[in-house]
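Next come two complexes, and both contain chain A; in the first it sits with chain B, in the second with chain C.
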Partner chain A sequence: MLTDISVLFQIAGIGIILALIHTILKQMGKEEIAQFATLVGFIIVLYIVINGLSDLFNQIKSVFLF
Partner chain B sequence: MKWLGAVLLIIASTCIGMYISNRFEKRPKHIRQLQSALQLLEAEITYSQSPLQMAFRTIANQLPFPVSQFFHLLSEDMKTAETDFTILWNKRAEELAELASYRKNEVEILKQFGSSLGQHDFIQQQKQIRLALTHLERELEDARDEHHKYSKLARSLGVLLGVFIVLLLV
Partner chain C sequence: MDILQLVIISIVASVIFIILKDINPGFAFFIIILVGIIIFSSVIQQIRLIFQVIQSLGEQASVPGLYLETILKIIGIAYIAELGASMTKDAGLNSVAKNIELAGKIFILLLAIPIITAVIEAIVNFLPTV
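For the complex of A and B:
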């Protein structure tokens, strides 16, 4: 099953921190920067997820093609 | 070892946030010091009618650190140097800008005021001082606004960005 759980915690932590940064920036009236920070965080998380997915596909390839 | 690095990173970014918020906090204070320095200079010029070097020394004795050093060094310079007064003033003003947390605007006001110093009679000089004081008042308002807005923001953002980077690297 899922052996390496730490990536989940990492993504959850990034989400929490980004939510905090977003709220603080929004409170101080820097809406654009808040949006931008959220976007950057989203891209980072997407990168992590895509890395995991590429691992998965490689494994599938190695099961069926060889 | 890994955790030690993480803790160090968080501490470092917290310190950077503190430093930035400190700059925001100190700017209104330093501008106010400059204002009181100019007021003292006005009193020295109009009432005591002392020469600039003496006036600078009295001002340096009455004010706290960054501004006092500026006037102290200026009075020392005027004793020895043979160059133009404006050049001396500009040089020391740039040094002061590095010591205190002034922006370009304040330095520009200070330089403009320095170029007018010693060129006119009492009344004109008094007008120049009043003008510089009004400019500084505007900057002070600005600095206060920014202080309220950004000093807390910088502090919390420093901590949060540290935690964020640590999470990325774990």
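For the complex of A and C:
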């Protein structure tokens, strides 16, 4: 269950570090690897968010008597 | 959770959103979704308590369980539809948000049909038969 603010900072940190990695890899001329790193970070964050959403929907289901 | 904590969480989240919006717009949207999840999951326990009180009051007043259950389901559908609509509206998909609202209204109407028919049957019973 997500009732903690630390996950917000996690997502923000992942986003900033990913932007950094993307810029560095682009400067080195490795465009494909930069795209791939962004994609992997996106999937990680999506996993966190989807877990939270499924928790939320399960709670709504149990509370609203579905 | 305390209301002060929720307000502080949302202020911090908006600061993070403003920073992240220029760097990485996709991740900024995840921040919005996560704030919604955090706020609602800290409120849902209180909602459960309120519903327990409403249900016990309804049992004491011997209201049929079908009506209360329908009302609670309608509140749930309205909340979920509102959540989805506001999320998609934030992402810039206004037409999808309108469609979600339409779907929510249709499902609410579908759930309300037994109550409507009960009301109409009661009215018909009042009418004098010729």
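The rule is short, and it goes like this: the second predicted complex is superposed on the first by the 62 of 66 C-alpha atoms of A that agree within 3 Å, B and C clash if a C-alpha of one lies under 4 Å from a C-alpha of the other, contacts with A are read in each partner's own complex, and residues count from 1 in each chain.
One rule holds in what follows: a residue touches a chain if its C-beta (ideal position, glycine included) is under 8 Å from a C-beta of that chain, and two chains touch if they have at least 3 such contacts.
Predicted model, so just to flag it, every value in this text is computed and none were measured.
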Worksheet, complete the sentence: The chain contacting more residues of chain A, comparing chain B with chain C, is C
Discussion item. Looking at A:Leu18, would you say it contacts chain B, chain C, both, or neither? Reply first, second, both or neither.
Written reply: both
Worksheet item: Is A:Leu8 touching the first partner chain B, the second partner chain C, both, or neither of them?
Response: second
Practice prompt. Would you check which partner chain A:Glu31 touches, where first means chain B only, second means chain C only, and both and neither mean what they say?
Written response: neither
Discussion item. On the A-aligned overlay, A:Leu56 touches which partner chain: chain B = first, chain C = second, or both, or neither?
Written reply: second
Fill in: First, second, both or neither for A:Phe64, with chain B first and chain C second
second
Response to the item:
So the chain A residues that chain B and chain C both touch are 14, 18
Worksheet item: What part of chain A is in contact with chain B in the complex they form?
Response: 6, 10, 13-14, 17-18, 20-21, 24-25, 28-30, 44
Worksheet item: Which of the residues in chain A end up touching chain C in this complex?
Response: 1-5, 7-9, 11-12, 14-16, 18-19, 42, 45-46, 48-49, 52-53, 55-57, 59-61, 63-66
Item to complete: Could you please specify the touching residues of chain C with respect to chain A in the complex?
Response: 1, 9, 12-13, 16, 19-20, 23-24, 26-28, 30-31, 33-35, 37-38, 40-42, 44, 47-48, 51, 69, 72-73, 75-76, 79-80
Fill in: Of chain B, residues touching chain A in the complex
149-150, 152-153, 156-157, 160-161, 163-164, 167-168, 170
